[in-house]
Structures are given as C-alpha cells and as structure tokens.
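Below are two complexes that have chain A in common, paired first with chain B and then with chain C.
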Partner chain A sequence: MTKQLIISKYCKIIDNMIFVNGKLVFSLKKNIQFSTFVKAAYRYNNMTYPKFFKMDNLSKLGLITAEFLSDEFKTKNVLGEEIGIILSNSTSSLDTDNNYQKTISNNSDYFPSPSLFVYTLPNIVTGEICIKHKILGESVFFVSKSFDAGYIHTLVSDLILNQGIKIVLAGWVEYLDNEYVSSLCIVKNISEKAEITKEIINFTIENLKKIITG
Partner chain B sequence: MKNAYFIADNIISSLGFNTAENIAAIEKQISGITLIYNVQLSAQSFYGSQVNSERLKNEFQKHADPNEFTRFEQFCIISISDALKNSKIDITNRNTLLILSTTKGNIELLNENRLPEISRERVFLWKTAEEIQNYFKLKNTPLVLSNACISGVVAIITAARLIEREKYKNVIVCGADILTKFVISGFQSFLALSSLPCKPFDKNRNGLNLGEGCGTVILSSEPNQCPVNNIVYCGGSISNDASHISGPSRTGEGLYLAMKKTAEQSRKKLKDEIGFISVHGTATPFNDEMEAIAFKKMGYSQIPLVGLKGYFGHTLGAAGVIETIAAMHSLKRGILHATVGFENSGVSVPINVISKTTEKEINSCLKVASGFGGCNAAAIFAKI
Partner chain C sequence: MMVELIEKLKIDIIEALNLEDVKPADIDADAPLFMDGLSLDSIDALELIVLLEKKYGSKIQTAEEGKKILYSIRTMADFISNHQKNK
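Right, the complex of A and B next:
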C-alpha cells in the first residue's frame, strides 16, 4: 500500500503570539513576561492540569504548543503506541541547566533540588507531552544549530513508513533566557486525516522547513 | 533494504582505552568502580568509575593539544580515532555520518572556573559536535541525540535505520559523558547514589554509581571481510511510559512495548531464541524491579541477564553504546559476562542473572535501556 504523508496541522508560538495553521489565534503584548503569557495560553485552552505549573519553561512551551494540536492525536483507531514525537532545538535544556548551576556553584549556598535537576534533560519536554496525551510510541530529541529539515524528514518518514507509527508530532522547541520559539506540526498518512479540506500540505523537506522555520 | 553490520568499535572507561582492555577486565570480573575523593566533583567521597586523567593526557597528545579540547571532546576524539583505525571506511566521504550521543556533553563549561581558555559556546551540543566534525574533517553535519539514559541505544537504532534505508553507507555512533559536579550533585539530590559499589538486581541494592566513559561503534552496510562472527542489527524500538518523568513505570509496560516491537521486527533475521539480555540494571530499587517485570511479561524469565553497571557505573549517554559493544564481544567470543555486584535476587519475579563469567555459545543479544522522561529502548543484534 503506498502512503502519502501530509502535514495535517501546525502551531507556532513566538513573541507572545500563537498561530495555528498560520492564523493568529491568541496573543499578548510582546513585552509581557513569558510566565504571564504561558499562563494566559493555558487558561485560553481551558486546561486543568496542575502539573503544568511545576514544569520548567521549555516543557511549558512544548506542552502548550502540543495542546493546540492535540485534537489530531484523538483520531479513531490510533493507539497511544502508534503516536511518536521527534523534537529538536539548539540549546538543549540550557535554560534550566543555568538555573541548576546556580544552586551548586557556591559551597556556602548549596541547594541542588531533584525537581529542578530532572529538567536538565531536553527529552523531559517530550516525556511531559507523552504523559499529557498518553503517547507511548517513539520519542526522540535531537540538538542542531538550526532546524534540520532533511534529517527530521528522513526520521519522521521512517517512523510512519517502517516503524508502525501512524501520527508524529515533530518540530522545534527552544527556550533560553526569556527568548523562545516553538514550532510543531503533525505528520500522518493522508488516510488518517479526519476531515477533507481543500488544502493538502504534502510532507516534503521544503514544506517541513517552511512550516517550522517560516 | 540493506543490512546494518557492526564493523569496528572502541571503549574508553576506567578499565582501559580500547575495547580489548575493557573486555579483558570484564572477563576477569574486575570492576572499575572505586571510592573517589575529589572536591571538584563532590564535597563528600563517592563510589564511581573514573577515567585515568594522566593516561588521557598521554593518549590525547598523540592526536592534538590537550589544552585546546575539553575532557569530553578528548574522549570522543581518541575513541573515534581508535575505532576508525580498525575499519577501512573513508570518513571524508558524504556516505559517512557521525551520530553523537550524550546527556550533558561539555556541561562543565557552565562553571566559569573550569577551562577558562575554552570558548563557552562549546557548551552547546551542536558546537561540541562541530569541534569533533572539524577534527576529523567529516563532510556531513553530525546528528546529536540527547535522550537521557537511553541515548546510546537510540543512537545505534537511528544509525541502523539510516543504513537500512540506504541514506548512508557508514554511521559512526559515539556516546560519551564525563563525571561532573553538575551531574553528581543532581543524582545525590535524588538520593539515587549507592553508598557502596552498586549491586544490580540484588536484594541489597540501594542505588547506582555514576561513571564516565565513551563508546564508539561503526555501523556499515558492508560487513567486515572475515566471513565469521559478523554482527548484524536485527531490529529496535523506542517507547515512552507516559507515566512519570523521573521514575520508571511500576508495570514495566513501556519497556515491554519496546521489546515486543523489537522482537516482531527481528523475527526475520533471528534464527533462534535470544541468547542473552544486556540489561539496563542501574541497581536502583525501582529500575531493576521494573525491568524484571517487563522481562516476565515477554516470557523472558529464563533468558540469561547480564548487567555491566558494576564495572563502569552508569555512564549515561555512553552506557548504551559501551554495553552494546561489550555484548557484541560476548557473542563473538562465546563468553557471557558476570553481573558483578549481584549475589541474591532482590526482585519480585524469577530472573536468571549471570553471576560469574561463563563460556557459552550464543548467537544473539537483546539490549535494553530506560531513562528519565519515561523513555525506553530495545535493540536485537545477532551473529551471522
């Protein structure tokens, strides 16, 4: 059976603006702090997920972005083990690494905490998204200088064509020193698409690059 | 679809600077874990596995100026160089890719007193990889993978898939992590470190030991010229527990899922039952119990288990690569390694842990790993 992979939905969060499929759906003024913005985005989604407030900023950012795409996970006949995640960024978990470093750099003021240390891994954001949406399939985190559409395209295609995965959440999620950008998309076989719309975005390297970095 | 063969390797650890030295020590059941007193790493002494710094300097001088590279980069450069020496691949070709697997890379650079002459930009993992790429004059940008404690196994799975799909002819997988105050203090804050050398699967186990090291394995679509004892990748899978970010699932469901998919995928290439399992076996109470439950679910209770954390400690991003290399040499040499530290089973279901070095003809191995973020990975490889 030949498969036609498409990008069925995408969401980008930058400068306190949230775009879904390229359309602005929510925004606050650019000078508002990320912590305030992300809380407002949480309320906008009518979320009741107290765990959210314990997360580091990278995880909050990734989780909120995934929330705008989460209807795509609820496709009929797709199991949790058939959903995968491939995320990347350029600074890994450096924002939390810096915060954690402050807790151990001074012997007279030494207070490392496990709840902070656990977020010093970039794949914790993938773990948090998996927990929220009961995603049991493959999840991987890569680090690259800029979004590498070629590698990500190869790996996402392989998951769907050869590894028994039907839906992949893929893209870029980065947070460092109050600077952030998150840009994620859903890739699936065209037959998994819930509704027939006029526009079909084929999953090509060019389209992936345009959607994630454009 | 092409086959992915394991054609050359290297291990750097407290037990030696090449695979042969490491395997010889393991076969003699010599552990690399010692009591470490070093205030740069920890205010209190701790049991861990540390690479000899004097020898590191001497070995690295053969390659470049030790003042221009971090400890992490020195591990990678020596290890990759040694693995390449044992293979005939052309690394300047576009057909060759490097995958770097690490949890924290050059994280020691966050401490402003460490290595003041090294650019702080090298704390970015892609920049670290770029230094290694430049040293070897590799054509392709390396792929950098950071997936907690499963990074090494995921790197091998990714490498094998890229070769099977004919994206590359050769993939060099290098997994490394170093001992740092950053990581040691974090595991101490979790109360996850054992006060003694670790005891995987034992009833008296009380935590893990951290280690540092580097493993490099080269995968290729072209097998080695020798007709016997080539090792081929049969299948692999990754899963998530979706239950907790800092503890394994109590049911072992995630690891079970990864093993189940791996077994299905490997069916074509695997002639008989799995010969042994190279476990993750960190020796924390929860990890080992979870693994044992997952093995039982798979019907693997009788399969011999080998755990190597008692030799190297937990080397994080290197662990999956180092342990896979050791397992491949078990297959090649017909010797099962002892799980040093194990005496009496301390898990709730039956298991078959190898407790002393055993000669046995075996054809295949299942490698598993689990880590923070709820992630699990499994891969099967076999002798052909």
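Right, the complex of A and C next:
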C-alpha cells in the first residue's frame, strides 16, 4: 500500500508566544523571563508533572512544545514502540553546560550540581519527552548549524516507510541565555490521521523547512 | 533551636530541589523523604548531600551513613545539629 506522509500538526514557541498550526494559542509579554513564561504555559496546559520543574530550560521548552502536539500520540492503534523523535539544534546543551560550569569554576565554592550535570547533554530533552509520553521508538538529537530539512526529511521518511514507525515528532529546540525557539511537527501516514480535513500538508522538504524555520 | 533548624531546612530543600507547589507546612519532618513523602529520586539525594555540605558545612562520609541521615528532615537536622556541636 502506498503511503502518503503528511505533517498533521505543528507547534512553534518563540518570544513568549505559542502557535499551534500557525495560530496563536498562548502568549505573555515579550519582556517576561522564560522561567515565568514556561511555568504559565505549564499551567495553561493543566499539566500535573512535578518533574517538569526539575528540568533544565531546554527540556522544559521541548516538553511544553510536545505537550501541545500530544493528542497526536494518543492514537489507540499506535504503540509507544511505533513513535519516534528526531530533534536538533545548534547550541546543544550549552546553556546548562554554562550553568553547571559555574558550580565548578571557583575552588573556594566548588559544589558540582548533580541536577544540572544530568542535563549537560542535548538528547536529554528527547528522553524527557519519551518518558512523559511513553514513547519507545527511535529517538535521536542532532547538533547542526541550522535546521537541515533535507536530512531530517530523509530520516523521518525512512522511519515511517521502512522501520515500522507510524508517528514521528521532528523539529528544532534551541535555548541559550534566555533566547529560545522551539518548532516541532508531527509526521505520519495520512491513514493515521484521525480526521481528514481539507487542509493537508504533504511531508515534503520544502514544507518541513517552511514549518520548522518559517 | 531544633524547630528553627527544621523550618530552615524545609525552605532550603524546597528551593534546592525545585519542589514547585510544596510549602514548608506540607512537609512532615518525620516522614521518609524517599519513596513516600516527597517522592524524591537519586539525583535529589545527591543534591541534598551538596546542600548539607554547601549550606551547613556538614559532610556525609559514607553511603551507609547517608541512608540514615537522609531518611527524613528530622534526621538531617539531627545530623547538622550534632555536627555543629562537635565542631
């Protein structure tokens, strides 16, 4: 059976604004700190996940973005093993790396923080999303100068067409020094889409690039 | 003295472990910190060890000792109190 891959839903968070499928759904003033914004977004989603508050900013950002797309994971006929995640950014976990480094930079105040150390890898954000949503399929985090739509398109397509994955969460999650952007989308076979609407976004390199970086 | 120390410890723990929506009054000083109670995990345990050393100058020496000291807020306060007396 021929598969037609589509982008079924997408979410972008930037400048204290959250857009779902291009529509603004939540915002705070631009000058408000990320910590306040992301906590408000957590409350807006009615989340009860205390572990969220222990996460670093990159993981909080990724988790909140995924939360706005999470209804797409909750498909009855899709197992955790059939959902994959492919994320990327350009600064890896540098924000947390810097914060951790501050805890070990002074010999007279040398107290390495375990809770910061565990977030000094960018792929921890993929792990946090997987834990929250019981995702057990392929997960990977790439560090590249910019979003490589062609490469990500190839990987996502292979997962769905050849590797038994039915749904992929893909995109870009970046946080450094209170500057951030997160743009994720859900890719699936059109037959997995619960509701066929008039607006279908085909999963092409151009559409992926436009949605993630546009 | 011990009551004050326990209250201060509760505040420090809430801050150090980012226990959102938890207030000092919500924490039972005698309740186990792990499994039940605050449901802390292994990373939290490491943060508590750092907290004891950084804020109270009290260093846990062995893993066995650590299990007993980190059992509850009260056992932590006892450890700090005894440590400060013996300084």
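Throughout what follows, the second predicted complex is superposed on the first by the 214 of 214 C-alpha atoms of A that agree within 3 Å, B and C clash if a C-alpha of one lies under 4 Å from a C-alpha of the other, contacts with A are read in each partner's own complex, and residues count from 1 in each chain.
Methods note: a contact is a pair of C-beta atoms (placed from the backbone, for glycine too) under 8 Å apart; a residue touches a chain by one contact, two chains touch by 3 or more.
Computed from a predicted structure; not experimentally measured.
Novice: Tell me which partner A:D177 touches in the superposition: chain B (first), chain C (second), both or neither.
Specialist: Neither partner.
Novice: Between chain C and chain B, which one touches more residues of chain A when both complexes sit on the common chain A?
Specialist: On the superposition, B touches more of the residues of chain A.
Novice: For A:V118, select first, second, both or neither according to whether it touches chain B, chain C, the two together, or no partner.
Specialist: both
Novice: Does chain B (first) or chain C (second) touch A:F53, or do both, or does neither?
Specialist: In the superposed model, A:F53 contacts chain C only, not chain B.
Novice: Touching A:F142, do we find chain B (first), chain C (second), both, or neither?
Specialist: A:F142 contacts chain B only, not chain C.
Novice: Using the touch definition from the top, say if A:N98 reaches chain B (first), chain C (second), both or neither.
Specialist: After superposition on chain A, A:N98 lies in contact with chain B alone.
Novice: Could you give the residue numbers on chain A that contact chain B in one complex and chain C in the other?
Specialist: The overlap between the chain B and chain C interfaces on chain A comprises residues 112-114, 118.
Novice: Note which residues of chain A are touching chain B in the complex, please.
Specialist: Checking each residue of chain A against chain B gives 80-81, 85, 90-92, 94, 97-98, 100-101, 104-105, 107, 110, 112-114, 117-118, 120-124, 126-128, 130-131, 133-145, 148, 151, 154-155, 158, 162-164.
Novice: Contact residues on chain A for chain C in the complex?
Specialist: 39, 50, 52-54, 111-115, 118
Novice: Chain A touches which residues of chain C in the complex?
Specialist: Result: residues 17-21, 39, 43-44, 46-47, 50, 53-54 of chain C touch chain A.
Novice: What residues on chain B touch chain A, complex-wise?
Specialist: Interface residues on chain B, with respect to chain A: 43, 103-104, 107, 110-111, 123-127, 130, 141, 143-148, 154, 158, 161-162, 165, 167, 181-182, 185-190, 237-246, 253-254, 257, 261, 372-375.
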